[in-house]
Amino acid sequence: MAPILQVRDLTTVFQTDAGPLTAVDRVSFDVGRGEILGLVGESGSGKTVTGFSLLGLVDPPGRVAGGRVLFDGRDLVGLPEPEWRRLRGRRIAMVFQDPMMTLNPVLRIDTQMVEALKAHGVADGRDAWGRSRDALGRVGIAAPEERMRAYPHQLSGGMRQRVAIAIALLHDPDLVIADEPTTALDVTIQGQILYEVQGLCRRSGTALLWITHDLAVVAGLADRIAVMYAGRIVEQGGVDDVLDRPGHHYTRGLLASVPRPGRRWARLPQIPGRIPSLGTVPSGCGFRTRCGRADAACEAEPPVVAPAPGREVRCHHPVPDEPR
Amino acid sequence: MTDGPAPLVELTGVSKRFVRPVDLSARVLNLAGARYRPEIVHAVDGVSFGIRRGEVVGLVGESGCGKSTVGRLIAGILTPSEGSVRYKGGDVARPRTVREGLGVQMIFQDPFSSLNPRKRVGDAIGEAPVAHGLVSRAAADAYVAEVMERCGIDPVLRRRLPHQFSGGQRQRICIARALAVKPDFLICDEAISALDVSIQAQILNLFMDLKEQFDLTYLFISHDLGVVEHISDRVVVMYLGRVVETADTDTLFRTPNHPYTRALLDEVPRIERRARAFEPVKGEIPSPLDPPTGCHFHPRCPHATDRCRVERPPLVEIAPGHLSACHLNAAPA
Amino acid sequence: QAQSVLTIGVRSEASSMDPHWTQLSGDKQVEQHIFERLVDLDHNSQPIPGLATAWRNTDPQTWVIELRRNVRWHDGEAFDADDVIFSLDRLAAGVAGAPASPAFALAKGGKKWTKVDSHIVRITTDGPYPHMAEDLAFVGMIPEHKARGVTASVDFNNGRATVGTGPYRFVEYRPGDRIVLERFDGYWGTKPEWDRVVFRPITQDASRLAALLNGDVDIIDYPPTPDIPRLRSDRRVGISEIASDRLIQIQFGYRDIEPFVFDKNGQPLAINPFRDVRVRKALSLAINREAIKDRIMGGSSIPTRNIVPPGFFGFNDTLRADPFDADQARRLLQQAGFGDGFKVTLHGPNNRYINDQPIVEAIAQMWTRIGIQTDVVTMPRNVFFTDVIRGDPSTVPGVDIPKFSVWLTGWGTVAGEATYTVTGLLESYNAATGTGNGNWGRYSNPRIDVLAFRARQELDPQVRLRFLQEATKIGMDDYALIPLHFQVNQWAHRANLKHQPRVNERTMAYDVSRVR
Amino acid sequence: MTAAGGVGRKPAADGADRPFRTFARRYAQSASAMIGLVVFVAILLLAFGSSWIAPQNPYDLRQVDLLDNLLEPGSTSFSGMTYWLGTDRQGRDMLSAILYGLRISLIVGGLSGILALIVGTVVGLVAAYVGGRTDAAIMRVVDLQLSIPAILVALILLVVLGTGVEKIIFALVVVQWAYFARTVRGVALAENSREYMDAARVLRLGHARILFGHLLPNCMPTLIVIATVQVASSISLEATLSFLGLGLPPTQPSLGLLIANGFAFMMSGKYWISVFPGIALLVTIVSINMIGDRLRDILNPRLQR
Amino acid sequence: MSAFILRRLLQSLFVVFVMTLLVFFGVNVIGNPVYVFASPDCNQACVNGIIRSLGLDRPVWEQYVYFMNGAVRGQLGNSFTFGVPAMQLILERLPATLELAFASLVLAILVGLPLGMWAGMRPDALSSRAIMTVSTLGFSVPTFWIGLILILFFSVHLGWLPAVGRGDTVSVLGIEVSFLTLDGLSHLIMPAFTLALFNTSLVIRLARAGMREVLYADFVKFARSKGLSPSRILFVHVLKNIMIPIVTVMGMEFGGTVAFAVVTESIFSWPGAGKMLIDAIEVLDRPLIVAYLMLVVVMFVVINLVVDILYSLLDPRIRFSGAAR
């Protein structure tokens, strides 16, 4: 069965005063049905823009400048707006990072849920209300009847995020894009949400693109991981492959810099320098200025090394695969 | 608490309440039978612990549990509603000497708002030492350069404004600003939470280096248990304004006692833990405006008994240096 | 057949429909359509029969007044002597809360009134009293059967007591917006032309004119002077005008030291130059009255050296307005020892008289040119008159004198003859007898005092006229005050209307008729 | 050894550490704002150079001749002087009167704006910084002041005080200080809760230093923006009050008074007495508002990305 | 909620109290109304009589106590000029003022909201720049000036609209309104427009700023990600949010609009309370001035309350709690 989502060389550019900035640079990945792909990367690496590009929600001055987004076999790039509307929410849904900001503060929860159903004409008023309430129940919200009539500000952050997830799941979409939905939440609440999301995906076979900067979260949740750096995917593969045998020096540095149990008070290996801002990404390998292994060759476009199916490393000098 | 030298900082029975009083009109209406009561947030509720010289104490807990408030109380920005916060035996809010007043410094979470956006970073670092006469105005420039150098920022940049620096650099500047007044105790309130993963390591390393160089003592506030585990000698766990457990780091992570601590440790995502089946702690974090009775954790605790619902469990030593506030410990096993 | 309606745009709103409430002409002009007087005033403010057909002395202290017969109130009741007695009593007693009742005129001279029969009333005084007719022209007649017990003027404003004998009856009073009257068909006199009359207060001059020009109203009072020349050539509009009884003048303070007179360096002057008649004369000669008339008044003012307008009893036609002669003015100053000039502040109101502020400014200009450096301070009338009349007790405790040293003011000879004005402006001030109550600078001249006193007692018109003209001449030769001009009352109306103007500034519907 | 984060990169030589230049450059990006600035500077020069530029001193009665009154624009007087914008009822040269009137209007607007800014800022800062009952009490007074519309307060004050430049400035200050106080307090409260303020406290800096060295500078952008708005509105308010007869003395007319005086001549076709001062007033206020708009765009942190 | 209302009432009581002090003593300082009403030939005795009849012979503080005594019983005294209760006079005129103010507010929102929203949606379009320039003008043109120009052009020059006054009115629930008759409407339009100019500019700005902020808010993006139609997003999600500041500010401005009606009414001879205030100030009719101000203050309080309630309907985040200010 073909993956539900196939992204090929997706490129998104922002037209700014300082010239065009490529926020997403020739990004390619697949998400299979029922699969959870973790898209990780540090701040500004282009994760969110990637997510928006998939939904056609990049606002001017940004635009998708190239590549293809094959959703269920159909290329979404350049789709007219009405077509987009039919897809959004119904077949592809999205959950945003900040639960405090994603719900309209002046509309009640039920309004915001029911309209999502009505927009696609799948349910009339009463029916839509019932379905919405059930959806709330499914994401683990106690007393959903009551919560339906609440305004967002009357709910805690965790509850709001679950409402957003419930809205995303209303239509049993084929793909959910979750943009750091738990970053703003506490550990125990994050645990609850991960639990719900995981269960729902498993049950309904929804594919999930989980965007985060927290390697640890995707470690527990995802099937596969894609690592972004400065707008490009530098490495992707199965969770264990990427985390245990990182092929890219960036991934390796990143993993090394996270404190691990049992090595208390030891100096952490650190990646020198800082993440380049978009305009200042070096040519060739974007990581070369911070990479210990970099040499003249890195000034050229790095090749994609694919040691195994579904596993890719974009590097001139990939880390030799040496199991630890 | 283990014996040893007198603590550098000591909190005894510290409470902090934020009260929004009932105003005149509400009081008038109360006479007519209405029931307006002042809104009281028990941000910190009877907290006691000490920090010895040279020690790194980690303070963990979920959002709103009062970690920052404890930090601010120790820094003397807030004064406790009850109890006392002592630094070198004196009240932190009323330092006896300038030196003592400057002994405790604080690094904040948000590197964007913790620097005055309109002050050049060199001035920000140099202001306090000059104002307090630690260095002369003439020598200030060289002094600032030296401190910046130590914190890993090129002194050439001292004429720049904060917005021209990255988050990591700003945090270094904040650290330099604190170190410029030669403190011996640093409170790091989520000092690395807002930074990128790759930068976090740089700052953590800097903290560790500086501790060695200046013989500093830290209170390290964080919700990232991994980081706390890495850097702390001892950990204090708070829940809704109260300390629920404290122990040295190894003990706490290996044999957590309090159900909350255990739940917390269970939930912490770790790179090593793959393909997990998540098992959530039930319930929401209650509001500090209206905390549960008895043990604050009882509504979410799988082991809660009737006693937990009514009686506040005291913080008792269950093993040397390991304190926990749970009724289960008192119950015969 | 369509109703004929006359809409009048007026500058000041009537504050009350109660004829005993004030003497403000804004009030009078409305109320007088409804309520009549025993003695009416013609267009030149001279007494003519109103509700009284005749008044005469039976002896120097007794006046007998014959009332008109077959006069009906608007509600059909007959008018008789009881109503007269009631009206006089009410006014004499004063209306509660009324800002300014003319009770004082009635109260003077120990007057007593009695009913002789149903249509004859007798009034006795404690001495010869020549002005009885003029006094009676102040008193509106109200119906006893309606107004007894009515103390507040509210009942006049809501129409309950607003029942008169006049040509129009009260319909509606919407404060700030309009007052509506309609023709009273039972009126004893000439049947008025208009079925309805609407008064609309429009305070802003330009707005009032705009309302006339676009047809909202048919006639307006006080058309803005700057527009007069253009209006005269506008075929849609007609202008009617008449010299008013209002004298615009400059008055001086006669104290030893005046607070607003300084030397060239701004130091207070130790002597009062205004006490020197040469200085006063110089200041008069320095004023170019013709320029003020042409340039400021739109050609509509009557430069004068009299205190009552031509045609009024007491007018002295030997007095001609001072010509503009700056050179002589300078010479006179030289002679008086003020060749280097001095500095004064000229005060004036800014919303009381036609172009009051521009006149003050222009005079300042002219005086400055002969070396008397003149600053200008103008103020709203309430502040101005408070300061003029009550004065500044701090300068001379207990004495009411103006705060100012030299100021512009006006005086209307409402009584229609000069005794009133000689007594008010030129006679020495006396709080007890009420003489000199417009002589705020406290000018005093015994010769004038004697003449004025005798004029008040004299019943023979010829003799009285001589006294008044003599007194006026003495005062003017002495430059007790500087008369500038009489205002000209003007109205602008649609060209298809005809309006016969009045000296006393009032706009009456029966003065307006259609051109046939 | 310490980490090398960011040390390696030398400061870019784009003048980015010169905030004023950056500011000026950003300001200049808007053409309309530049026009506004140029016009306003020109107006300032004209107004404050009026003693030298104006053909006549309209306040000197010897230079004003009644016989030259109501002349059309471009007319020539007996003395050979040309009245480019005509004359008013007193024979004042309109051009000179406008220039002088502009000066008065600007002085009144500017001075009252600045005084109100100072008063309001101090009050607002103190309220925010001290907090508690002081804050509550001060804010009650501010609410009270703000609950009554400006024009009413000014009307009453002028009725009570009488007219005159200093009185009208006083009235305008009374009317405006509360706006500044409220705004400053709002900004200062927000700033006060930012962590750099806590940092300053932990560094045990003195109250005065914190208040004026840290808090005030960060309130400045907002202050500048509302100051421009308030100056524009106080010029307009002064004109309105003058129009209602409660403004300035007649011999030293402000723009508002000139317009009011000219009002009477509008319908008789002598438009210049009212229209030209009106245009001057309009251009002045528009140019200030244009500047204010741009400042708002640049300085408002909420609109900064 | 009731604490909130009570707080407002206490606050306004205080405001009213201060106002009475200010006006009472202030007006006393400037001049004596007697000299306005007295005819020039009124001598001292006559003046004294008037002073007595107006109660002005007492010391000011005594007059004040007397006044307050009446005021708490709802009697604000009689107008010096009209001799009728000042309150009654104002209440008679207030509807005209309120109608004018309301009309101008409605006009401001009807015109300003769409323009502002458009300018916010297409910030760089030429039309948007034009709108913003015009709005700057609207802020800058003094009311009285635009009023004059309008009269000159539309009444005198073109003769389309009546220059002054209120025109025919119809009584609705005992209140005279003019917007229901053609004549009334033609009288209303110019003053309302004049008065609305400032507020229109304000609404344009608020709407534009709100648009710029809300349009890029996460929740709008989220709404789009749900597949909602643009019209639903604009008219439900966006509009409701930008209405919050507009309603608040317009509510606050209503008081100012009523006050500024003083100027407009005086130009257009609109028979409202504002014009009466100007007249009253001119003649120092103290009871009238005090009564007007007190009524206006009370009205502000009521309006503020209504605005707050409206605000809470629009913005559920604001709810009256016992201690909320």
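Here the chain labels run A, B, C, D and E in written order, and each chain numbers its own residues starting at 1.
Note that in this section contacts are C-beta pairs under 8 Å (C-beta built on N, C-alpha and C of every residue); 3 or more make two chains touch, one makes a residue touch a chain.
All figures in this text were calculated on a predicted structure; none of them were measured in a lab.
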Quiz item: Within the chain touch network, how many edges lie on the shortest path between chain A and chain C?
Solution: 2
Exercise. Report which of C-D and B-E is connected by more C-beta pairs in contact.
Key: C-D
Quiz item: Which chain lies the greatest distance away from chain D when centres are computed from Cα atoms alone?
Solution: A
Quiz item: Roughly how far is chain B from chain E, going centre to centre by Cα mean, in whole Å?
Solution: 52
Quiz prompt | Rounded Å distance between chain B and chain D, as computed from the means of their C-alpha atoms | solution = 47
Quiz prompt | Distance between chain centroids, defined by C-alpha means - chain A, chain B (Å) | solution = 32
Exercise. Calculate how many whole Å lie between the centre of chain C and the centre of chain E, each centre taken as the average of the chain's C-alpha atoms.
Key: 38
Quiz prompt | Sequence positions of chain D contacting 2 or more other chains | solution = 3-6, 162, 263, 266-267
Quiz item: Residue numbers in chain E touching 2 or more other chains?
Solution: 30, 148, 152, 156, 266
Exercise. Can you tell me which residues of chain C touch two or more of the remaining chains?
Key: 204, 206, 210, 213, 351, 380, 383
Exercise. Please give the residue numbers of chain E that touch chain D in the complex, ascending.
Key: 11-12, 14-15, 18-19, 22-23, 26-27, 29-30, 129, 132-133, 136-137, 139-145, 148, 152, 156, 212-213, 255-256, 258-260, 262-263, 266, 277-278, 281, 289, 293, 296-297, 300-301, 304
Quiz item: Any idea which chain B residues touch chain D in the complex?
Solution: 72, 75-77, 95, 98, 101-102, 104-106, 108-110, 113-120, 127-128, 131-132, 150-154, 156-157, 159-161, 164-166, 168-169, 172, 174, 177-178, 181, 199, 202, 205-206, 209
Self-check item: Touch list for chain E against partner chain A, complex
Solution: 216-229, 232, 236-237, 240-241, 244, 314-317
Quiz item: Can you list the chain D residues touching chain C in their complex?
Solution: 61-62, 64-67, 69-70, 89-91, 162-163, 245, 249-251, 263-270
Exercise. Note which residues of chain C are touching chain E in the complex, please.
Key: 13, 15-16, 18, 21-24, 94-104, 152-154, 157, 174-178, 200-204, 206-208, 210-211, 213-216, 351, 380-383, 385-390, 400, 411-412, 414-415, 420, 424, 431, 434, 437-438
